[in-house]
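The next block holds one structure in the form of structure tokens; read it before the comments.
Chain lettering (A, B, C and D) follows the sequence in which the chains are written, and residue indices restart at 1 in each chain.
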Amino acid sequence: MTSPSFRDTEFVVREIAQTCLDNEKQFGDLDSVVGDGDFGYSLARGFEVVVNDWDSYDRSDIGTFLQKIAVAITGRIGGTSGPIWGTAFIRAAGVVKGRDEISGDDVVAMLRSAIEGIKARGNADVGDKTLLDALVPMTDAAEQSIASGQDAAATISAAASAARAAADATTSMIAKRGRASYSGERSIGSPDAGAVAVAVILERLDTDWPNRITEEVETP
Amino acid sequence: MKKFVNDPQQYVPEMLKGLALANPDTLTYVPEYNLIMRKDAPRDDKVSIIQGSGSGHEPAHVMTVGKGMLDGACPGDVFAAPPMDYVYETTKLLAGPKGVLLLVNNYTGDRMAFDMAQEMSQADGVTVKTLFIDDDVSVQDSTYTVGRRGVAGNFFVMKAVGAAAEEGADLDELIRIGEKVNSVTRTMGLALTACTPPAKGSPLFELGDDEIEIGVGIHGEPGRRRAKIAPANDLVDELLDPVVADLPFESGDRVALMVNGLGGTPISELYLVYGIAHEKLAAQGITVARSYVGEYCTSLDMAGASITLVKLDDEIERLLDAPAEIGYRIF
Amino acid sequence: MKKFVNDPQQYVPEMLKGLALANPDTLTYVPEYNLIMRKDAPRDDKVSIIQGSGSGHEPAHVMTVGKGMLDGACPGDVFAAPPMDYVYETTKLLAGPKGVLLLVNNYTGDRMAFDMAQEMSQADGVTVKTLFIDDDVSVQDSTYTVGRRGVAGNFFVMKAVGAAAEEGADLDELIRIGEKVNSVTRTMGLALTACTPPAKGSPLFELGDDEIEIGVGIHGEPGRRRAKIAPANDLVDELLDPVVADLPFESGDRVALMVNGLGGTPISELYLVYGIAHEKLAAQGITVARSYVGEYCTSLDMAGASITLVKLDDEIERLLDAPAEIGYRIF
Amino acid sequence: MTSPSFRDTEFVVREIAQTCLDNEKQFGDLDSVVGDGDFGYSLARGFEVVVNDWDSYDRSDIGTFLQKIAVAITGRIGGTSGPIWGTAFIRAAGVVKGRDEISGDDVVAMLRSAIEGIKARGNADVGDKTLLDALVPMTDAAEQSIASGQDAAATISAAASAARAAADATTSMIAKRGRASYSGERSIGSPDAGAVAVAVILERLDTDWPNRITEEVETP
């Protein structure tokens, strides 16, 4: 018996995983412009494990579930993305430890905590041309939307638009972190792979959200 | 893509299996962590030395596991730092009473995985220290704060601390030695062609028929600039000048000179480059006392080369001269 | 063409100069005859062993001059047997009281140059004998009368007679050993890409993006047939099956297995190939007792590999196991 | 003071050398179809030495001169061509040892001797798809032409035509000697590089013969 929030959480994680599997090539190609081309591969190999072992993760509570996802990711994703995405999930999990229901404000708190974790882990900040440059504006948009009383669907739409705009805006930035930073000025002209990934995930979430299963289904 | 590969996702595991099968007496393969380790590790009388890095740089580092070099290497997939778990589990497996030294080329992903693994194994009571290697002069420190990359010069740190560990040096001593070697080691590389990661299936970047990439990274990251192909003499200048100017190396210095192939360049060309570099250094009053020509740290099938100089002192020279036994390259 | 080269005509001399500069204590370079020789040759207590061949196969054979291997190598230009004079002068230079052994891969040009040089130096009173190596199973004897080519299997003959010479074996004994090793050695190669000789400046043959050449020679001579690229498992079958069937190698045999890179294929792929071959042999009851993975006899920058099997007996195994010191590949 | 025969010999050798220098690329390309592509390079490097050291060769008599040429070739040309072409020149030299004047019959004898030398050295014969397949028909044609009383110019023309026809005819042959033989049936369809070289040399000789200097020129 899972709660509605738990089902929504599962839905979101599953959407993230599936987006990374479906976009392996695109994400890799983006990373090969000024990076080393493994971003798509790394995420896909990690979220593949998440999908394959989906039913096995401890679902005592939302925090525990997200922590198990984090462990799976950390165990399989290498490169910069393993620690970055693993840290994000661990931090988000910490915010809702032992909880079965979460509010919109909780979601914002989870995102903020994930962002702080990424910043600390990567010694990076907004403006360095990383996924933070999509994640932070997107979280800002979500927070505003919730504060102004919008529902989840509207909030996700707002976040998706913000993420896309922000990801596109990384094109003109110069990379100051990660492998792309070695090419200096040459990193200008193409968007950051991590930021684009955030946008693509949010857009998919926006599309699929209305079709998610909101009632618990008894598996026969 | 034309390569000897079955499933690209099995590229690294199948290579590691081959390496283990070729060295049954000396190496153990632990598939769960892409780990190649010495059969006799961990030992009570020496610090265990571990390197991670991504794959695709062979012989670095899985093929330099052996007496006088590494105790274990747990690489990630091609060009990806290992997942933190691999490093953590490897560290625990190789932890002995004298502790563990982690060698890390200075890249964001590697730093993070090794930092996390170090924290976690320290929490488990293991004595662990980390050495960062950053010998690549093509990346200018000033513009960024991630700092320089670790490339082929890693070999000299590995060889020196490997020899010292074999003699029983403790962890602090290895850190001292490693930092010293790193501080006098400089590398610069250039690519004649791009490399093709098996999982990508196509070249990582496009280079024209007459174009080369100067200051290229060992992961196919583009370099500082693109130039036209030129005679070997000029290409050696492109590599040697920034290296010499950086430390700087000066008249009267004794150095080790490494000409490292990036994977697709034949050894004949590397010796040709070596000869030119040796003579250019001699003309500047710099004596090449030790020479290294071949493949040490590659970038899959990339054609190209890097030049590394190490300023020698008696201690470094003695450690580089010490014997080492590795599975790779048998005659 | 993108290569590290100044003047293509100076490609070989500049490589040899680099090799000599990298090994000042052990090697002497005689530019007149493209000769790389041991500093301590000729010696009174051992037969001198000389190999010629064309260049472009490095490390074969200029980089395998050293204790326990060759006393001298006097290659021709890229893919061209040395002019007869080089062999003649080298033979005279290295002639000691125990005589000279010439190792010759079985090609028309090489045979002629060495035959003429042998005749002429015998006329000068030098004791000379010649060993021909012809391990390549891709060439079927029946259709032609030039016979099989000598390719990477040459290494095993060289290593065995090199070790025996070091122990003081006389010329007849070396001939016996060399013929025995050659008679139990078989090789098959395939190319994924063509190679580009510096003087030609373009690939020696055209291969489609999905085509490979099976049974290719080490001079870029086309092989027996063209095929489509396939998974590594199948490519290993293409190499291993004709080799095993030829001698034939049988269940219960102990063998040395060499996976030799042709120049442009990274070592990671070679170990992957090695692992597959090792297991396929094991499945047939053939035990790999010694393994060789790397570049031994290349074809410039050609991507591809060859597989060599040697049927071992106690004598061969002991000689392969003996120490050797060569300038190439330093760790 | 050299004799007319000597000057003609010098002219012919010089033409051979120059043809090999001018056709380095063509000869190499022919050899790369089923060989290893070095035929042009090998000849060019050898005949380059001949041209560079031209004045230094001992000209006591025609035989001695040709022998010095042979030595120069053997010292610099590697591959199969060094021994083959060196042997040809040595054998030709042997026929006219000590001589200052040579007749058309002598030339035929020189060619026959060169051919025998090549056959012995290469363990090859007509039909194996080597330069012998141009050299032998060309010598036959020259012999016939001389026997029927034609002059040198007409004889060279006849020999050139025969060489070209014979070289072209090697296209349909299967190589039984040299590196080309390893490719078996695949050697069919392209002419033998060595045979073509013989034809190209003869054609050039045919073109240039009328313009040769027949009187001795005093170098000032």
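In this section, contacts are C-beta pairs under 8 Å (C-beta built on N, C-alpha and C of every residue); 3 or more make two chains touch, one makes a residue touch a chain.
Treat the numbers as computed from the prediction; the structure is a model and nothing was measured.
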Distance between the centres, which are taken as Cα means, of chain C and chain A, whole angstrom: 55
Mean-CA-position distance for chain C and chain B (Å): 29
Chain centre separation in whole Å, for chain D relative to chain C (CA means): 33
Length of the line joining the C-alpha centres of chain A and chain D, rounded to whole Å: 76
Shared interface positions of chain A, touching two or more other chains: none
Overall pattern in which the protein chains touch one another (line/ring/star/complete/other): line
Each pair of chains that touches, named by its two labels: A-B, B-C, C-D
In the complex with chain A, residue positions of chain B that touch it: 9, 54, 76-86, 107-109, 112-113, 116, 138-140, 143-146, 149, 197, 199-200, 204-205, 217, 219-224
Interface residues, chain C side, partner chain B - complex: 2-6, 11, 14-23, 55-56, 58-59, 63-64, 69, 159, 192-193, 209-210, 212, 229, 231-233, 235, 263-276, 278-279, 288, 291-295, 298, 300-301, 303, 305, 324, 326, 328-331
Touching residues on chain A, where the partner in the complex is chain B: 28, 32, 34-38, 41-42, 45, 74-84, 86, 121-123, 176-184, 186
